[in-house]
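Shared between the two complexes below is chain A, which pairs with chain B and chain C, respectively.
So, the complex of A and B:
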């Protein structure tokens, strides 16, 4: 190898090492979640959508699953589980607004960007903001609700409380009290006694979220996203809103507990593991009260 | 620059001119006419020809066959490109248009999908999450009718009488023909472990490995770290493997495959290479980089230049162009080397023992710009070959007297107008200009190329299982070649054209 080549190779190797170091450091993000799934999901999209411009984009990207008429009956629907959203009903899982209300534009944009885990909905991040806004404008033409109703007011999310053992234990008690285990299972595996019989609003079978294998949620990745899901529910699914039952900081307790169930390194899981090592025998198992559990 | 005739009585000039003749033939498909399979003589000779292994090999085989008076089917040259993979559309239920502006060209989402190791990141990318019946295989072929025409082709002055002397004629041939076939398998082996295996054949069914690699995706949970090992396309911003042209003259970028008159460098920027590539991208793939170390064999497994390495780096940045679309600009550099000394056995070079390597490089900038339905793909590049390589100095010999580096500039402007998602108009203008010949006495314009290509593709249907394109294309190429007859000037312009109608299908 010539001297010039050796120098270039050395510089390249050095650059690669720096790059690996930088990206390796970046990969150690909050909660141990990989970069993927995080990011600019919620960057405000201020573009004004144009339905006429959105139609060909919808045809290009969306119609194969959601159908040319927006009814969720695209040519691929028969092969897809879970089924694509039916836009003619204007019922959306991922919202910042109360259950039963229309989502904000940004809610739907966020869903486009992050995709929906465990479904065939990809992350459409590369589309320009304008394209996203145009598609959204076209989606709104499928249901008259968009002409007669306004989006709900986004639910307020209080500042997150500190992660403590007490908070996790309180969350665990809520998991029992609100019977989350009936669907999500006593260990959060999505295998509760009701899981097999759940259906969505179109009578299609639906599976509860398995916390033990998932790193992302249907509607986000952060603790705030998880909090929001309790409060808004996932419309069109059996996951109801708990806004009437869970008040203020209680929601954070449940968030902190659920984080301990996930297969990722989180502050909650680390704290919980330490506590369990000395106190596991003090815990009553989660499950039906009549079976001697909590 | 001087315009010395190659008939000069200076022995060295004669050598240079002969080298130039050969190299120009290598350099541009326009340099000679293509005789079709239907020609009896061609059929016989072609059947014995070794199967080309990739685009460049096919190109060289094609040109060499012309040089030897044994024209191969030009269809051989137009077989090794397209990467449209309905297997992915079938897996994820997405229409072709989700990943392609029109297939096979990737759009921004398709680029992200590819960058992410053919995953949409929905936790169902691993094969274990798919139905057992799903097998990620796709195939592509292109039955066609084409017309090839070339000016100033050397022929016997009296047909059938090789003693009658030579004359220059315009030759035209036409007929129905076949392309080769691409058999693709690509997808994920596990979450964040992807693969590609591409078997390509020429139009006689002789297969070769066009691509074969395994890629570790999102290492450390970061999209900025991906490692690919095997044979793969260089991370060119303007991909020749996914472009929309198919004809013999228009089916390759002149800049990517240009070889300076007389040069021995066997490299094509559009050729798949063997090596390892580290790459990364932002979550939306707007920012992308790659750095590759490659065996200096131009993608030929076990080539003579084993034990030698090239390097390639690419960087590009895209921008949200609002109503215009996604705009991208990037730069690239390829630094290669080729041995000029070998250990020998019985006078024969021993592959892999090359030393005293000399450098060549290709570097440039490119872009991909949208103005709503109008897309522009400009590229500019500069090429340079070390004097040893540029002069094709024989192995284990001192540098030829008077030899110097050869350099040139090349580029193109390609445009697509998408009337709708199923109909596109295509156009491309290319130029390559020598800025320095390997020998000062060679005409400065020798080897220059101008190319013009226009076409259209119509996709009668668009869904997620298969694709068909009705393809029409016309390409015209001018190459500045050495004079062939005593009556010629030192250089002559040879025009070559292709007219192609094809049914391009992918399942």
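So, the complex of A and C:
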């Protein structure tokens, strides 16, 4: 075989490999989405981190945005929206723990690995578990809360209930009752009546999540992630915790409804589409009761 | 009627006995008035059209409450409290209550002691989210739909915490979490009274959300009432 032929053969082999792996990924799709890194993001990181080892790693990878002092005032911050997290407050969006409590170590590791969609926070999956743990240990030196408080107890998520029309309808009623539409809009477009005035805890304007263009969420991709988001709330943002008002399997109803709003092929959306084709006229529109809606 | 009156007087007496630590029943008082100099900003009416269930509760539009004034330059919603020299006291058993009604916070400024139980109620027909923007204490954000049970919390550390509702951006209030049970929030007439002070030298501080703080020293020797007035400088913006 000539050198050129060998080259062509190896490129072809590579192509086949890529094809195979792509098909493999395709076979594992969740709700029509390529299953990129699911499981890898939330795989437990059991390494014990050392702050002194984390400091140079933090300086190299994180300080550009989060700042040398962890105050979210790195040299890139002025160009970034949404703004980088200020670690001196120890207030974190993505947690498994109740609103106001510290997240677990794994919560922060998960955020590092998955990055934050619609922001400048990239995925840091290439960093080793040890480096992630070291950086985490260093991040914790920025707020005294880590010395005096323990992370909250993670919100309990029961096993998911079956996706049924009844569940979706119950979730839709919750979307109306809990006034999710005030921010997220009657169709989930993030254009509710309160959307324009929303600010985060640092008085920066912030957009509510647009379900109709979004596939991933800030804090995950799965149904359980979605459940967790509205139960814990995203601290530091207008997104409140609903844990006092949504209990157990009720949460799955809301998850099932929210999935129908997204531009992805989900079992919920398929079922909903079929049901709507015959029953759309029976639905009262979502929105303010006074306007004759609902 | 009479029985009712007697019963309620007895109940009041009982409650105050139960709630007031012994050393409060006697002692000195610091009383006075808070006024302003200069020109305070004009408060604007709040447009609640986006929340009809609240708008209809107010026949005349509600004004923004960040500066509340009365006749004679009186300044309301000022927290006056013992900031130094006060006797250490356990948080009162009585809970502080913060109500959401007509898409307003009642009271607009709530003074409470660190560790004291705080009950937050929703008396509206709309969902609120209660979002106290604390920096020293952990920051939380909870939703409270109509008819939901009260939210019970406590703050461990002293801090003046702005409170807002993200759904209704005009809603704005304060938790004044203090290290003392000796505090008062002035009414529209600007007057306040701190009672039950044992003899000693105290620093009394007045805090207004827009005009900042001012402190004065006062000495109590017995059961007298020391007069203490505050004049805060109004800043337009």
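The working rule: the second predicted complex is superposed on the first by the 267 of 294 C-alpha atoms of A that agree within 3 Å, B and C clash if a C-alpha of one lies under 4 Å from a C-alpha of the other, contacts with A are read in each partner's own complex, and residues count from 1 in each chain.
Here, contacts are C-beta pairs under 8 Å (C-beta built on N, C-alpha and C of every residue); 3 or more make two chains touch, one makes a residue touch a chain.
These numbers were taken from a predicted model, which means no experiment stands behind them.
Of the two partner chains placed around the shared chain by superposition, chain B is the only one that A:76 touches, whereas chain C remains out of contact. In the overlay built on the shared chain, the residue A:160 is in contact with neither chain B nor chain C.
Of the two partner chains, chain C is the only one that A:233 touches; chain B does not reach it. Contacts of A:187 after superposition: neither chain B nor chain C is touched. Touched residues of chain A, counted separately for chain B and chain C, are more numerous for B. Of the two partner chains, chain B is the only one touched by A:130; chain C is not. By the touch criterion defined above, A:242 reaches chain C but does not reach chain B. In the superposed pair of complexes, A:288 makes contact with chain C only, with no contact to chain B. Of the two partner chains, chain C is the only one that A:197 touches; chain B does not reach it. Legend: residue contacts after superposition of the two complexes on their common chain; A:100 is shown touching chain C, with no touch to chain B. Residues 50, 52-53, 126-127, 129-131, 133, 135, 138-145, 148-149, 151, 166-169 of chain C are the ones touching chain A in the complex.
By the touch criterion stated above, chain A contacts chain B in their complex at residues 1-2, 4-5, 8-9, 12, 15-16, 19-20, 22-24, 26-27, 29, 33-37, 39-40, 47, 53, 56, 59-61, 63-65, 74-76, 79-80, 115-131, 213-214, 216. Residues of chain A touching chain C in their complex: 89-91, 98-102, 145, 149, 177-179, 182-183, 193-194, 197-199, 201, 233, 235-245, 288, 290.
By the touch criterion stated above, chain B contacts chain A in their complex at residues 92-95, 97-98, 107-109, 111-113, 116, 120-124, 218, 220-225, 278, 280, 283-286, 289, 291, 309, 311, 313, 320-323, 325-326, 335, 337, 357-359, 420-421, 463-464.
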